[in-house]
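Structure in structure tokens, see below.
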Amino acid sequence: MDLTAALLHYGERAALPQWQHFNQALALELAAGRPEAEIRRLCLRIGQRMADTLPVPRCDDTRQLQQAFNAHWEALGWGVAVLQEEADALRIVHACSPMARQFGPDKGDWAAGLLEGVYARWLESQGLPANLSVRALPAQEDGGWIELRLSRKHQP
Amino acid sequence: MDLTAALLHYGERAALPQWQHFNQALALELAAGRPEAEIRRLCLRIGQRMADTLPVPRCDDTRQLQQAFNAHWEALGWGVAVLQEEADALRIVHACSPMARQFGPDKGDWAAGLLEGVYARWLESQGLPANLSVRALPAQEDGGWIELRLSRKHQP
Amino acid sequence: MDLTAALLHYGERAALPQWQHFNQALALELAAGRPEAEIRRLCLRIGQRMADTLPVPRCDDTRQLQQAFNAHWEALGWGVAVLQEEADALRIVHACSPMARQFGPDKGDWAAGLLEGVYARWLESQGLPANLSVRALPAQEDGGWIELRLSRKHQP
Amino acid sequence: MDLTAALLHYGERAALPQWQHFNQALALELAAGRPEAEIRRLCLRIGQRMADTLPVPRCDDTRQLQQAFNAHWEALGWGVAVLQEEADALRIVHACSPMARQFGPDKGDWAAGLLEGVYARWLESQGLPANLSVRALPAQEDGGWIELRLSRKHQP
């Protein structure tokens, strides 16, 4: 291996590429001419596919689930989740998500859609009963965190 | 500002988020059911929009252009460009691009489309004559670099 | 500029080098044969020199000071400070410092010494009265944060 | 685990701290009042200790050694090594080292000392014959790379 070949290999792998400009351009391009509901479905499916590449081991309780989720989020620098059991739901607060900042200030709902896809797939992989589903609450203005709830599906 | 508010702010801004899992999921989702030519056009337009957010100052010669391009690429960790004037074209060799690795091993043409969009927009902003255009050559198997050429448009 | 020269330049600047192994080796080497008090003074002086390269603009109140400190810490990924005015002191809580983890689990006092040096120099640059000084409290076991106090110097 | 505790944990681990200001302050502090030869020995010993925390598996030939060395350097973002066998020596060219830039423009010899320590320890761990030793050549002005040679010890 000569120096140039070694440098080509090194330069591609050692740099930690930043995607903010790409993500903003992607967001603008997707938003041009697509209805918001279609983009949200796209984000949801991307989140499901992300979860497929980030497997979560079988967990015995909520504490273990939170640890397993956060092991992935911490490694990616994608924020941190806090899980709380409530009377008839599991509440997930996801803080410090980088998505709203990367996609643009008014893209909180995209981030909510993406996280909904990730958590839904992760909880399915734990054997989620069929009558439960994950829903993200509408993103708050201040963007501090995104809240999701795992609860019984709404009846039609 | 209390500690929790300070931590929410810090945790979102100080982490350097990694997008490899997102980019792979995006690539899979886009590839599902879209013809390759449509994806390439999407990459080209994303590249054009990226260039709009990364302005290049007016340059007097090829050496200055190369420096201005590389100031952006180095800051992003997106590789390095070498420009060479030839008899009837400007040759751009772009090495160490992170895209092929992020989007997947067979996605070299997406990276080529994206870079074609970036360089075309950058060169237009320098006052490119209307009869010149930028074309990326087909991506090579080994992925070491992507080659583009600025030359007279092909006559029909 | 040819490709190899461009790659040499790029590879050195685009990588974000990690210093954990260096810092651990440095900590072991410094600890070998030096008394703890000497190392702490070394950390204090390194902190003072760091502050000299991270200038803080003139601030009008505690809130502005906190913002100015955190602009530096956030850019460096070195944690976050929360300032609180108390009856006879200014309390600084510095959380998420990377130092204890980099230098080793029992090196909390080194981190405290370094931060003492940084904050003392920063507060001096704001025109700290001569009878005030900054002291770090002994680092806590759990390493969650480091607490410092700016208050009247102890009389002998 | 509540939100604040989760954020404290996340903020410390997800940020990728930058050490440039620390390293420059360290270099200035060490340089103040210590002879250059003492600093170089300190760098050499730090390099030896770094190598101890970065083990290299047993290699059969120069190509495997280069791969093993570069697996560590690439993971750390500390540059890239090219090994060449010569008539009576092994030549190591180490490019893109971040040290000269971090410690200061005139600190090339510190970087050379540190790398000398790392490579010497790595080669010893492969069963280096006792009459061979690693020497860094004086650092070049342009700082493009550092060259080291493994060869028979000079006779007194």
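Just so it is clear, A, B, C and D label the chains in written order, and each chain counts residues from 1 on its own.
Simple rule for what comes next: contacts are C-beta pairs under 8 Å (C-beta built on N, C-alpha and C of every residue); 3 or more make two chains touch, one makes a residue touch a chain.
A quick note: this is a predicted structure, and the numbers were derived from the prediction, not measured.
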item	value
Type of chain A:chain B copy interface by residue overlap (half), same or different	same
Taking each chain's C-alpha mean as its centre, the one farthest from chain C	B
CA centroid of chain A to CA centroid of chain D, Å	38
Distance between chain centroids, defined by C-alpha means - chain C, chain D (Å)	25
Set of chain C residues in contact with two or more other chains	3, 7-8, 10-11, 13-16, 77, 79-80, 95-96
Chain C residues touching chain A - in the complex, by the definition given at the top	3-4, 7-8, 10-11, 14-16
Partner chain C, residues of chain D touching it in the complex	8, 11-13, 15-19, 21-26, 28-29, 42, 45-50, 52-54, 75-80, 95-98, 101-102, 144-145
Footprint of chain B on chain C - complex, ascending	1-3, 6-7, 9-10, 13-14, 16, 63, 66, 70, 73-74, 77, 79-82, 93, 95-96
